[in-house]
Each structure stands twice: as structure tokens, then as C-alpha cells.
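Structures given as C-alpha cells follow.
Next come two complexes, and both contain chain A; in the first it sits with chain B, in the second with chain C.
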Partner chain A sequence: MTGPATAPAGRHGLLPGRAARAGLLAVVLAATAVFPLIFTNQLVGTIGVDTLIFVAAAVAWNIFSGYSGYLSLGHAVFFGSGAYVVGIAARDWQITGAAEFALLPLAAVTGALIAVPFGLVALRVRRHTFVVITIAIFFIFQLMAFNLSFTGGTTGLDAPFLLWSPLMINQRFYYMTLALALAAIGLSWLIRGSRFGLQLRAIRDDEDRAASLGVRATAVKLTAFVISAVITGLAGALWFFFIEQVLPQSGFDPIFDLTVALMAFLGGLGTVTGPIVGALVIAPAQQYLTSQVQNSYLSQILLGALFLAVVLLLPRGLVPTVAEKLALRRARLAGDREAER
Partner chain B sequence: MTALLRAQGVGKAFGGVQALADCTVEVLPGSITGLIGPNGSGKTTLFNVITGHERPDCGEVFFNDRKITGASPQQVFAAGIGRTFQLTRIFPRLTVLENMLVASQHIGARSRRIRNPLARAGGAADRHRAMELLEFTGIVGHAGALADTLSYGQRKLLELSYVLVADPAVMLLDEPTGGVNPSLIKLISARIKELNAAGKTFLIVEHNMDFVMGLCQSVTVLDSGTVVASGPPKQIRDDPKVLDAYLGSAEDDDEQAAADG
Partner chain C sequence: MAARLIHAVINGILGGGVYALMAVGLTLIFGVLDIINIAQGIMVILGAYLSYSLSVHLHLDLFLGLLITVPAMFVVGVAIQWLFIRPLRGRERTSMSLLASYAVAIIIEGLLYLAFGPNFVVLSAPYVTSGVHLLGFYIPYIYLYGFAMAVVLVAALYALLYRTRFGSSVRATMQDRTAAMLVGIDVRRVSALTYGVGVAVTAAGGMVFGATGGGFNPNSGYDLISRLLALIILGGLGSIGGALAASVLMLTLESIVDIWQPTWSVAVFYAALVIVLMVRPAGLLGRAAARSQ
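Up next is the complex of A and B:
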């Protein structure tokens, strides 16, 4: 083979330089860390925790669905199972107070244990059929929650009572959910740039071709599905501890499936920051509407309308669209400077 | 000399259509073999059978005297048979360089080293080799661009490049010049010659007769799923059976020229 080796072509400057990005990240992290110390309002605190749970869930959903292109509308299975398993364990083992948090690993393990057979069944088929199967499996779980004896049926389960003041509850849950969200984001970022992530994205583009080039498609998809399920299960358990109750229709909620998908779509499917941005926009808006408006269907109607608007007007999502606009503007500015010389 | 790649007595039917019937094709090591024939004569089906994308109804495929009939596309690729598609199959939403790195996956699998799955995609060696190959095929300037933004001809070059990543012993090219402008055709032809001089074997399906006759040392003609002639280009050009089956009348030639242009 001839031809000299050249350095890899530089990344396209979609965002400001590395130092500027690191600085921005530090500011955002600092602001996130002090947020609950400044805003001690009860409603704001609740919205903050809820939003962080959705950041973790949307990022987790994106690790599988965004990178692989297999859209799951059954992630509430993991969310609900995470909530239920810690609820059942706390009830049966008579665990009280803050000792409940020792049950969190159980939620992660349950997510993984459900994801393996779930994935092995659902991932036998491609794309659209996969979506339908995830919905079907979701309803199987919801029906089980309603009808099995150990789930508490329609009355659901209550979480152990925490002897913390309301402010402490908000602040402590804020930092716990923040830790989960940051871990999910870190993992998502690592995966996106890794061999594993490249294989996932190759599967998204052309699965058969990727397989013929040596990508073990089933193993790669299943691994991503399990990782995604573990984070979602943890998010479900924290959510349950926070609101202190789970019902079959709230733990296994079809709106949850649509919401996490919409967050990723709004922000930018398959990007690291997209689902974060989507969750930061949608979760607070939804919570605020639910708390302020008597009619609980209003937020759902708006959610549906937003879904339509995103798919029709912003199919690639906010982050890629804005990044492209910025890059174009910067290129134009650079061109202008060139012309002035 | 025994054949490096041999499809022996291969038959394949799709419903009532016999795509291949007792088809035997041999590719000698170090050769550039052309595979020609009218549309629907079974060329691509033969490629699919060889590369594991289709299972033959009967017959066997041998590579290096090892039977590879019915192996999966992944196994065939790992064994050393690379393939491009008539309609290029690249990964449109990955960058050109990332496309190359996908193809370098199986190299790690073969070395049996446990690799950190969260390591950044493509080590220095993989990237270096990828850039070398992109340089070789002349699209190195697009390495950071999304593959989606490449022209049709550049996509063909990218597909050729990433199949080369795995350094296969045989390359199966399905219409490498289809829809490609003349200057790129010259480049593709020159690169194939260079690779061949370095020892790579080629089996090429092609409708562009100048390309085939100028490049191939041996040409096999398929018609209705069966080999009707096989030999050096000169002999094939003069074979009345071939003229009958494929090169046909002057009108057909015009059609071909129009299709190529």
C-alpha cells in the first residue's frame, strides 16, 4: 500500500473550542450543585428531582434507542419494575427509613434480569416490529402489576417513611438523582465515542452490513439494552422512594414511554446532550402544568402536540439543528473577516 | 494451479425463477476475473451465495480448498473474502473515518485480545491504516465528513476502502463503475491494478465492457444462471455464444452505452 499517512482530519468546529467547552461545563455543574441550596421552594424542589429522574431515564433510553436506532416504547417496564422490586422488598423484609436506599442495587439487578429475556425476544425482529413488541411486553407487565398477588394489585405499594423534613427530602433526593443522571450522562458520553458505540451506530445505519463486517449485532444490541434498563430501573426506584407510592398505572405508565422518547427526539436522537436538553425542557413544563392546572389531561394533550411538532418541524432535534446553525454562522463570520482583509 | 475461490455446481431458485443452475465459476489466485452477463443472469445471486448472503439450493463454494458453503457473511468476511455491493452500502450517518473503523472491528476479534469496550473507537494503528487507505483511494480529504455527504462515486470508493481495511485475499466487486464518472472509473481501474500487482485477487461483476476487457485476465459469462463461456477477454469477445447471449446486437450496445453514460 502506498501513500503517506496523514493526520486525521480535524473535527468540524460545531461548538466553541475545548477550553471554552470545559469552562461552560464547569459553570453548568456548579450551578446544578448549588441549585437546591438557593431554591428551597417546595414546588421547585419537587420539579428539580422529577426533572433529574427524567434526565437519567431519557439519557438511558437514548443509550439504547438513540444509538442503535431501535425505538423502545417499553422502557416503563424497567422503570416500574425498579420501583416495584424495592417496594416489595421493603415490605416483605420490613425495611424502614433511610435503610431503603440499600435496596437500590436490587433495582439495577432487576432491570438487567428483565432486560435479557425481554431483549432476546424483542431484538429478534427489526425496527417497526420491535416497537410493537416492546409495547406488547409493556402491557404484559402492567397487567401483572394489576393482577399478581405480591404487587399489591390496584392499591399498589407504599415506600418506607423517611423521617426527614420536607426540605431535606427535596435536597437529598436532588443530589441522589443528580448523581444518577450524571453517571448516566458520563456513561452515554463514553459509549458514544467508544468501539461499542460505533458498533451501535453502525447497526443503526445498516445492520446487515455491520454484521457482515464483523459486528456481533445481537450481542451489541442486547448489551446496550441491558445498560439502558439498569439505569432506568434505578431511576424508577428513586422515583418511588421520592413520591412514596407506586400504582400499576403510575409505575407502568405508557406516558412515561412516550415522554422519554419525546425528550430524546426533541433534543436530538443519538446525541449525548440531546436527551438532557429534551428532559430539561419537557419535565419541568409537564410538572408545572400538572401542579398549576386542574385538568390533568392538558399536559398530556400538549405533550402529544409537541411530539407532532417535533417530528414535523424539527425531525433531527434541537441540538443538531442549533449546532449546525451556529457552525454556519461562524463560517459566515470567518468569511466576512477574510473579505475585510 | 488450483482455484483460490471456486463455486461448484451451484443452483439457486427464487420461487419459480432459476437464478443459478449448475453454475461453476473459478477464480485463480492473483487474477482479476470478470463476471459478465445480461441483467438477471445470476451474477449478483452468485455473489450472494459466495459471501453467505444467500444459501444455495445445491452445489458448494470452496475458498482455499475449504468448504464455505452456508457460512454467515461475517464468517466469509473474516475468512478473507471482501465484497462491495451494486448499490453501495455505507453507513451514511457515520463519518468517512468511522466507516473505516467499523470495518476494522473484526481484526480485534481475530487477535483474541480482550479489548476495553469503552476505549475510544479506533486505536492509533487502526486510524493510521484507515487514513492510509483513504489516501490510496483519494477520499482522505473527506475523512471527517459524514458519509452521507459523499457523491455516488465517492461512496463506491469508500466502500472499496473499508473492505480493504480487513485486507481480504479476494475482493468481490459488484459493478464498481456503475453510475460513476469517467475520471473516477480510471482511478478505480488503476487502484484495482495496483492492488492486484500487490497480490490481491478480484472477481468483478461489470457491465462496462471497456473496463472489463482492459482489466481482467479472465472473463466468465453467465446467461440464465449458467456459465456459457470462460476464458481470456480476447477469446470471450470473439465467442459467438457470448455475442448471442450478451453483447448482442448493435441496438443493445447503444442501450448499454446510454446506461453507462
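Up next is the complex of A and C:
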């Protein structure tokens, strides 16, 4: 699943073969499916939902930034807009209870509608400037959330009240966010193996050469940006329904931008499994820290320190580093076997 | 009306001088190290808190305190570059260094929260609360002193860059890192010192920022960095003249818009950025122009 950059599935047993991989995948999926039925603890349930939201967001971020090499530090724009648009619609159309989920397509459409002009402006420039433009646009959106009349200002918005028991809330949100995360992962996997994915990675490696070889760079980048935005918008809407409130600083949170980037970097930028691994490590750790350490500043410092450690010690991420180690070991074992003959 | 406009322009120019000081540091770091120092905003706030501590606990005059805080921030800058930026290698070096500086920023923000809490503080001194009537407008002394200091420091930076051997090394590194190495310039040393200088000026900028605005807290770094980034991109990344021009231009524009629309005056920054980039993706004074100076 990590693509041609790493070793193919081996025959010597250290990397699983195709059948073993399929079996492993089935086991992981089954375990994921029964997880909320076994762990009914309130805190664990909340951590599970939060983690899946971040899996979806990190995978979505990676579809654009990981594959194309253009780092976006403005994806909270889509996350927050997804949350706000369903919140505003529910309030103005007086939608109550579970009917709120009918609004989800609105979050997806909003993500796309924002991503097109955002991308058209930001993607005119090259990598360095792109990052900065995404940060600037992010701050425009936060400012709008604080100051526009229909956003609820500093008090934010409340989600419709769900008449479900706490356990039902956790379990149902778990499966909804799981569906979104799996869809994102499936899409990411399809894109990586496709012609479109190759074009994206060609842009990452050498944009001028890719363009001269006939890749329509702007269209390809914009398409990936829109796909990424749609998933992030949906994640934002589900997150809002789950925690039942959005504030300008929580919907449009600069730490969110950094967190999804950190997840992708920790796992392995531009790989399919990397952002999943990263999100599975960081999101529960962050949630657990927040629930244990009442001091949010301390967890912020720890997040920063973790980020520095990843960038300095594991610049390529867990998945590629581990895969390479395994491949090396396998090659050495094969070499030993040759020598014995 | 005309009087308010003139007042807004004066305020814009005086404030622009201070922003120019902070933006020049940022664009200089970009030019030499090829990284965008996201931590510049929080460095300004750190500088302001240092000034605050010195004035509250040691009752040191704000400008006198700079003799301590500027060298201190220089050391902080060199240390951060040495520890977190210099070790980064490889193809993704630029993106990684950007993220590393972002991580440094949120660590410093967290530390400032732990040390000073979330309450807004403001730097005070006799010349902050008193002022002079100039052409019929009341202007606090700190604006004038701050502007004067910014002009002196920017001039000193120019002298450093264009009149000293170190400055030649810096400019050579900005033009072509590899060629600079080949002619015997110690690029690593130049990088560390440039980062130090770029951060050191934030101590001075931060002091004036802390004394002129409506107060600051550790969260103020975000607002600052997004403005500073907008300024250096508007001016053209790596262009010192561009950063100066953009700072004065944008602060003036903002304070004019502020007359009618106080809530949205900040948005002018970003709106101008978006518009300029649609016409000139390289900024007002693009990189090529800046580097041929």
C-alpha cells in the first residue's frame, strides 16, 4: 500500500504476501467495526470518534498536500466552513434532531465552492508563497467567523440537540465517521495508483518538467485541492454535530492545520497509510492529554515538541522508514542465505 | 474629513516604520536561508514580554531595556537556527523548516502562556501616555520615538548589508548559496548570524508594538505573523526595499480604511495580498528585482 518507493511484498516472510495482506486488512476492518461494541466507556468512545475525524482530515490533507508537495496550512478553512454551514442552515431552517444529517451534502458542496476560488488564487504561486497564502486566507475566514452577522460572532453556533443516549451518540457517530474515514482512505488509495495520482506526484517532483511533458498542472492541482476540501468539509460538519458547538477559534483553529500536517508527516508524507498511522498515534494522544492534563498550554507545548522531534529525527515519516528497515533486513537475510549455499 | 485622512496617513506611516523593522527581519531570513520563519510573530511577542518583564521588575526604561533584549533575542535566534533549522536536509528542507519554525512558534506561545497567562498586558512609560500636538494632531511620543528608532535600525541594517564584509557574504548567499560556498564564504555561519539578526530586530519591534497597540497576549503572535507574511509577499520575498514599501503602504491603507470600517481594516491586508498576487505572482518588487540590487 505504500507504493513503488518502498519494497514490494516479499517472498521471504518479513513483509506479508498478497493473501496475508488481504487477511490482515480483513482483521483490521473487523476489529474496527466491533470496537465501539466492546469499548462502551464514554471517554474511549469520544476518543474513537475524534480519532476517526482526524484520520479523514489527515488523509484528505495528504491527498492534496502529500501527493502534490504543496503544503496547505489553511485546511481549517474547509473544516470550519463545513461546521459553520450546517450550523447556519440548521438554525435558519429550524432543523432539529437527527434531520441535521440531511445537511451533510451542504458541507461537501461548500467545501468545493470555497476550494475553487481559494485554489485559483493560491495555486498561481509556487510552493513557498502558497503556504503563506493559505495561512492568510485562513485568517480571513477566522475574521469573518468572528465578525459577520450570520455566524453568531464570538458565541458561535450550537448544533441541533440529538435525542440519543450518550452511548448511542458515541456508537452512531463512530460508524458515521468511520464511513467517512474509509471513503477518504479508499479515494486516497485509488488516486495514488491512478494516472491522476501520477500526475500529482510528477508535479511534486518537478513541476516545470511535468508541465512540459503535458501535465495540465493547474487543473490537476485544483482537482486534488477540491477533493481534499470536500472531505475536510464533511469531517468538519460531523465534528460539529458531535461536539454540538462551534466557535470561531475552534472551527478555524491554526492548531488544526498544524495537527493534520503533523499526522501526515509523522506517518509518511505522500503515502496512503502514513496519514492514517499518524492520526491513529496523535489524535488519541492529544485527546488523552487534554482529558488528563487540565493545562491546555502544556499539551500545546508537547504537540510542538513532538512536531520538532518528528521533523528532526523522522523526516520521512514512520511508514517509509520502517518499510525501508524491513526491506534492508530482508535483503540481508536473503544475502546470508545465498552465502550459506 | 480631510483632517482625519491626514491623521490616518500619519499614523499609517509611523506604524509602518515599526512593521517594516519586523518585516525586514523576516524577508532577510527568507532571502538567506530560503525558509519562511513562521516563528517571527511570536518572537515579536516574546520581545515585547521581555521588555515588559524588565520594565515591571527592574523598572528599566523601555528603550534602555532594548540594550538587553536585542542581544538576548539575537542569541535566541541563533540557538533556534542551530538546533532546529540547520540540521534539516534533503529535498523537503524548505517545507520542513517552515513546519519546524511553526512548531517553535507554538512551543514559545505555550511557554508564554505558562509564564504570563492569557491576560492582555501593555507596556507603559511616561512617553507612552503623553504626546505632542503636531500640525493639530495629537501623537503620543512613543509613536515618534518608535518610528525614529525603526528608521535608525533599518538604516543600520542597510549599512550592515551594503557596507560590511559580513553584508557582502549575506548578499552573496542570497544570490547563490552554492557559489557563495565555492568562493569561501562560511554559509552555515552566515545563515546562523542572519537568523539571529532577523530575530533580534523583533525585540525592538516588539517593544514598540507592545507600547502602541491595545495590549498584547501570547495569542497576538498569530495576528502579527499573518500580517508580516502578507507584507513580505506583497513586497516580494527576499526584497528588503519591497518589505519597507509594503509596510508603509499597507499600514497607511489600513489606518485609512479604519476610519470607516474598524472591524474590517485588517481584512484590507489580505485582500490587497490576494489582488496583488492575481496581477503579479512575484509580489510588488519581485525576487529577481530584489536580488539584482
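The criterion applied here is as follows: the second predicted complex is superposed on the first by the 326 of 341 C-alpha atoms of A that agree within 3 Å, B and C clash if a C-alpha of one lies under 4 Å from a C-alpha of the other, contacts with A are read in each partner's own complex, and residues count from 1 in each chain.
The rule is simple: a contact is a pair of C-beta atoms (placed from the backbone, for glycine too) under 8 Å apart; a residue touches a chain by one contact, two chains touch by 3 or more.
Please read all numbers here as calculations on a predicted model, not as lab measurements.
Enquirer: Does the superposition put A:Arg21 against chain B (first), chain C (second), both, or neither?
Expert: It touches nothing on chain B or chain C.
Enquirer: Would you sort A:Leu190 into first (chain B), second (chain C), both or neither based on which partner it touches?
Expert: First partner only.
Enquirer: Once the shared chain is lined up, is A:Ser212 touching chain B (first), chain C (second), both, or neither of them?
Expert: In the superposed model, A:Ser212 contacts chain B only, not chain C.
Enquirer: Just to be sure I read the superposition right, which of the two partners does A:Ala202 touch: chain B = first, chain C = second, or both, or neither?
Expert: first
Enquirer: Using the touch definition from the top, list the residues of chain A that touch chain B in their complex.
Expert: On the chain A side, the touching residues are 1-12, 190-191, 193-199, 201-202, 204-206, 208-215, 270.
Enquirer: Within the complex, which stretch of chain A touches chain C?
Expert: For chain A paired with chain C, touching residues are 69, 71, 73, 121, 124-125, 127-129, 131-133, 135-137, 139-140, 143, 147, 254-255, 258, 261-262, 265, 269, 295, 297-298, 300-301, 303-305, 307-308, 311-312, 315.
Enquirer: Could you list, by residue number, the parts of chain B that touch chain A in their complex?
Expert: The touching residues are 51-53, 72-74, 76-78, 83, 89-94, 97-98, 101-103, 105-106, 108-109, 115, 117-122, 127-128, 131-133, 135-136, 140-144, 162, 166, 194, 198.
Enquirer: Help me check something: in the complex, which residues belonging to chain C touch chain A?
Expert: 30, 36, 38, 84, 87-90, 92, 94-96, 98-100, 102-107, 109-111, 113-114, 222-223, 225-226, 229-230, 233, 237, 263-264, 266-267, 269-271, 273-274, 277-278, 281
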